[in-house]
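As written, the chain order gives the labels A, B, C and D, with residue 1 at the start of each chain.
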Amino acid sequence: MWKSVAWDAINEGKAMKVTRRDLLVWGAGAAAGLLATPVPWKVLDDVSIWSQNWPWIPQPTRGPVEVKQSFCTLCPKACGLRVRMANGWAVGVAGSSTHPISRGALCPLAFAAHQLNWHPQRLRNVRHGSSLSTWAEAQSAFAKASKEGPVVVIDGYSGRAASSVLETFAGKQGGSYRVVATPELRAFTPYEQWTGIPAASLGYDFENARTIVSFGAPLLDGWGTPGRLTRLWAESGAGLSDPQLRLIQIDSSLSRTAARAWQWIEIREGSESALASGLAGALLEQNLVPAHSPVPSMTLAESSAQAGLSVERIRELARLVVAKTPALVVARDDDPAIAALNVLLGSLGNRGGIVPHSEGVKPYVAAESAIGNARAVLIDASVPWEFVPQVEAEIFRFAAWDGGATKADWLLPAPGFLEDLTDLPTAPGCSAQTYGVAPALVKATIEVQSAAQFLCSLDASLPTTAKIIDSRCEDLFRRREGNLYGQQIAAIDKVSSVQSFKEQLWKGAVWAGEASLSKAFACHLKEWPAQTRPVSAETWATQWKPVVMPPLASKLYQESGLREPPRRNA
Amino acid sequence: MSKWRNSFVFAFGLAVALLLGWVVFPRVLYSQKHQPLDFLHKTHAEKSGVADCAECHTIREDGTFAGLPAVEKCAGCHSERVGESKAEAILVDSYIKPGHDTPWLAYARQPANVWFSHAIHVKRANLSCTECHSTYGESDRVRVYEVNRISGYSRDIWGHSMSRLRRAPHEGMKMSDCEECHKQRNVEVGCLGCHQ
Amino acid sequence: MASTVLTDARWITRGAERISLSRFLLWLSPWAVLLAVGVYAAALCLFYGLNQTNMDNRFAFGLWIFLDLGIIALGAGAFFTGFLVYILKRVELKPILNTAVVVGFICYSGAVAILMIDVGQPLRAWFTFWHPNTHSMLTEVTFCISCYLLVLSLEYIPILLRNRQLRRLPSFLVFEHQLHKLVPVLAAVGTLLSFFHQGSLGGLYGVLRGRPFAFRDGFLIWPSTFFLFILSAIASGPSFLVLIIATVEKVTGRKLVPQELYRRLAFISGVLLAIYVAVKCIDTLVWLNYTSPAAGFAPWQYYQHKGFGTPILFAEIILLGLLPAFLLTFRKTAASKPWLLTAAAMACAGVLLNRFVLTVQTLALPTLPFDDFLQYTPSWQEVASFAGVIAYGVIVYSLSYRYLPLFAAPKGRDSHVSGN
Amino acid sequence: MSARYGMVIDVDRCTGCGACMMACAAENNVPALPQATARTGLTPLLVRKVSNGNNGETRREAFIPIMCMHCEHDTPCVKVCPQQAVEVDEATGIVMQMAQRCLGCRYCMTACPYHARYFNWWDPAWPPGMEKSLNPGVAVRMRGVVEKCNLCHARLHSAKEKAAVAGKREIDPADYVPACVEACSTNAIHFGDLGDANDPVSKEAHSPQAFRLLARLGTEPKLYYKSNEAWVRALAEPNSPQASEVQRG
């Protein structure tokens, strides 16, 4: 039968031309056939799979994942980190719960700090003025300048091994070493002036305080080592009508700290100093504190008028401050009138007050933007971008990220997050001395040098950061004090050798001494400090040292209204 | 005879479509790639005494699967050329000496959105490697790696059979294959049990 | 000369008078431009993604869904007329059947096209058929709408094949005759499908337990909006047909259907609208007094936002519901063309308002006590792609009107119905 | 393995710092795009600011983290998804969103009373090189799909794998802690098994200070909040006095 069909078809093919209908019928056959092939179904499937794996969607790296202990090196608060690494790259950051001060907490930005090394504003090249340059040229320019005149070295994170390199260089060269301190550290300068104890060796004994009066210090919002105070606040009855730790926030607006504090005292903006004097007057007037103190020149009425609080309200506040002791006053900055309140309350050198934690710390010389006579200025990468020296000198500025237009003759790319070996001295405000080492966990993808490395490469006689860290570790071990917080907490006596001590430190353990209350100190004011100028309100972004924020931070201010957008640099 | 003619033309169209769909299409859909060198599972198993797949394809301590071994593993025996084969020369000169990982093409690699735990399947469920990978571990040649031009998947995911109707016992690694096996063994997992 | 060569007389139904081709093209050209802009906007959305729209995470549905729901409701005239003619044997409606089918086809194909742009991953949309979630109203909608679009296409083909040239193809004719026999069956299937998807479109919002403004109690698995949507769709469908036919008559300057037919459609629309309003009133009262408070939401909360107060409820039920129902049913108003058209327009507007309230207001209203009442303005891409659908509708209808015997009855049959 | 994972969030302890949001986004490879806004962004975990409505010194503010509440009953999103891209996992109680199955119809977003679902309006993108910092355990979602909190399922995967290697069937609870819980600097977020009566979280959920948002909708969310302050607890109800005063977070 099939034969005859074919035969007929062939015969007809001879006789007939292909008609339009043939084409249609052929098409119908082909269409029917196609449905019986994998073509439509497989293409449909593959196209959807393609849409699930679009080649332009980035893929995470593959490879073994390991977790390393380290520290956040972006600001002097020295929080402990657990860094997840894959393929040599940091792929996740979390707080290290074994760290005795930060206790597993981090500021929001740290959680995306591992993205910073890839930030579009990463400084990738040596820049001289507006043109690209090389490390060799920068080195010869700096060598020439340092031969010709004094070099001022500016550091934003004092006390590190690298700081020691900078300071040694400045000393040898005949220049000077200056520090741009954090507000937390600056707040101790009045005490340094009154007692001679260096600011960097003082700390707050929050753990034993029962009332904390904050004059605008954002205590619950990134102030100090974030985890320390927030955890303490949370654990001592946050939200209760009578918590174990009373946090009284004096603030001109309902800041994050004011919103969550036990009490918020609303005052006029910039009147913190005036209120401090008024409060001192009210404390003395009501005999709430021993009377051997100079009386503020400002009357209660003047203070009341400036702060916008009634006299009775200030008296009430005074009673509140001493209702539950020890009481501790925290200033946002170095306002001596606020600092003097602590003298009045007797909290200096006492339990729950301001205590010294370490010895051998040198007082720092604060950097002013007006720098005197200098041939060159070398600015470390830790210096906030807002610091702009006003001086006719050649400026060599190290930075991991480009903060935009700021006067600097040389911009030198510094190591980014976890790209450099550094040590971590005690964070400002801590009541105990701590020490940690953060090795370079991630390799830099560009050619970078820290200021210390730069100087060491110029002057071989300078000790390297690694050497200084080594000797610091040995010194600490020899002191046989304090504990080592690693996988477990171990008293330093239990650590067998200096080698093991060093190894553990390099693996992210942190050494912490004990608050040395035995070295209590007294302080008597001769006269009540004059009022200082009001400090403008700080935003959360200015507490962040790097000039850029990780892109993910936009979740907080752009993709939500949780926080105000960061101030842009001019 | 117009009725016959219609049928014939229809059948002709049908035949052309079937031919294109079943014979030409699979060849067009997949592009072929070759492994960087001829790796012989059989030789390693028989001559070098590598008895267990896990010796090279290890499950790490944290449970993750190392997959294809890094070049250091090969360097353990092949730090210098062992034998005269071309593959040996490529391995030692192009990868081991410069320390580059061999760019193997993984036949059975699932896409990034799949989370397949070898640890759970091998250690907890006690499945043998051949359960999914068949006897590839005994092969004496490297296969050509075929990649789907549209989806980018290895052909092993769909399986060699285009219709998926008459497949070899362990052919195919599509989600439906996973589901089938799970159903057989009465193991229920939600979407995110296997996706990430 | 070009003007003599360019003619389409061969394609126009014998005996039908149509404007010259050049005038026809002139009429089409602005619509074609609009369609082109719409296609461009849609292409932008498909290529770059839905960031081209102004929708956001709260306003996850926007203009498109509102108008889709709207045109699908108005397109209900297609299935309902078929239902009346073939199932209830109301043969007097037969002259408008073709128009009803074409309008229905336009509405549904347009809505499906917009839906394909509206989903973020159209390439994976077929997963609904492969891995359907049978509990989802959207699954029901997807299945019924795609099936019904198929039905509409099958209903449209016989009309298409009545074209003077196309009917010459003998095999096509055979096909057409066979298909024609199927039409009553198709009408029945279409009715069933339509009842379900109109209903599930209403159910789409009525099941949203998390949106107490839309959530309704109901019967078995169907919330009350399921039934309300069916009612309002079949009530407004005939009104929409009245508007369309009147517009076509106006544009072409021809009398296409007897005045009596208008009145007939108006009456059907009016009666159904009255039933709808009655049911809607009961539903609203139950919702205000029972359903919403049970979910913890006091009904006054919904109507405290500017521009979305109780007047909107009044407009939806009384002004654009009860009032047109009266106007459409009363012999006196229905006999007057201006009144009739106004009433029909009001009925359509009422249904559109209902769809607007259910889609847009539901999403705009806060649920959490610290939520905002949000507003949203569609982007030009959203507006343009929808305008493109309208242009597409006008073009398809114009072409159908010009080349297909939409109103004239086919030779030999049905001439007793069409009258002239 | 059978659990009903849930959380109790101590609102009194939340300082609104946003660490949880950052940790969540970093853990789950959520892109941060320059064009994204508060209405089009991706914040699977979103901390919102609320107030007691007062002005002056009596004003109180609090912060409420909002994420997928993993509703147990009549789960609104699961019910509406046309192609089973959302499901409640029987073994864990986690409401799972499958980006690869999702067609991007966004019906689930209209169904969610908590606005805890987010649409990928754009293709995800990172500055060049930054893709190396992505978490290897989580696939990046493409544009046109919905995403939300999956309770850091990558961490559950790791925990399961770790258990399998150790030859255990049950995971160690210490191995499965979502990123937000781990990140909270005040330990305000407590995570645990609500099905286990001995779990501290389960006990906390039954304390008189505990409440759930919009509980009367009847969806049985597994995310509890707690506060000692009455005005915060009043936020559970849509008719609370704060309803008129709107705080966008």
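Criterion: contacts are C-beta pairs under 8 Å (C-beta built on N, C-alpha and C of every residue); 3 or more make two chains touch, one makes a residue touch a chain.
Remember, predicted model here, so these are calculated numbers, not experimental data.
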item	value
Pair joined by the larger number of C-beta contacts - C-D, B-D	C-D
Greatest separation from chain A - chain, by CA centre	C
Chain at the geometric heart of the assembly (C-alpha centres)	D
Chain centre separation (chain C, chain D; CA means) in Å	40
Chain B and chain C: spacing of chain centres that average the CA atoms, whole Å	51
Whole-Å gap between the CA centroids of chain B and chain D	38
Averaged-CA centre spacing for the pair chain B and chain A, given as whole angstrom	48
Residue list for chain B, restricted to those that touch at least two other chains	62, 64, 111-113
Sites on chain A at which at least two other chains make contact	21, 47, 50-52, 59-60, 62, 65
For chain D, residues that touch 2 or more chains besides their own	37, 41, 48, 85, 100-101, 123, 137-140, 142, 248-249
Pairwise touch network: line, ring, star, complete, or other	other
Chains that touch, pairwise	A-B, A-C, A-D, B-D, C-D
List of chain B residues in touch with chain D within their complex	59, 61-64, 111-113, 115, 117, 119-120, 123-124, 188-193, 195-196
Touching residues on chain D, where the partner in the complex is chain C	35, 37, 39-41, 48, 50, 64, 66, 74, 76, 79-85, 101-107, 109-115, 117-123, 142-146, 213-219, 235, 237-240, 242-243, 246-249
Residues of chain D touching chain A in the complex	10-19, 21-23, 25-27, 29-30, 32, 34, 36-38, 41-43, 46-49, 56-57, 59-63, 100, 123-140, 142, 179, 182-188, 227-229, 248-249
Contact footprint of chain C on chain A as seen in their complex	21, 24, 44, 47-48, 50-52
Parts of chain B lying in touch with chain A, wherever the complex brings them together	1, 4-18, 20-22, 25-26, 29, 60, 62, 64, 66-67, 111-113, 148, 150-153, 158, 162-163
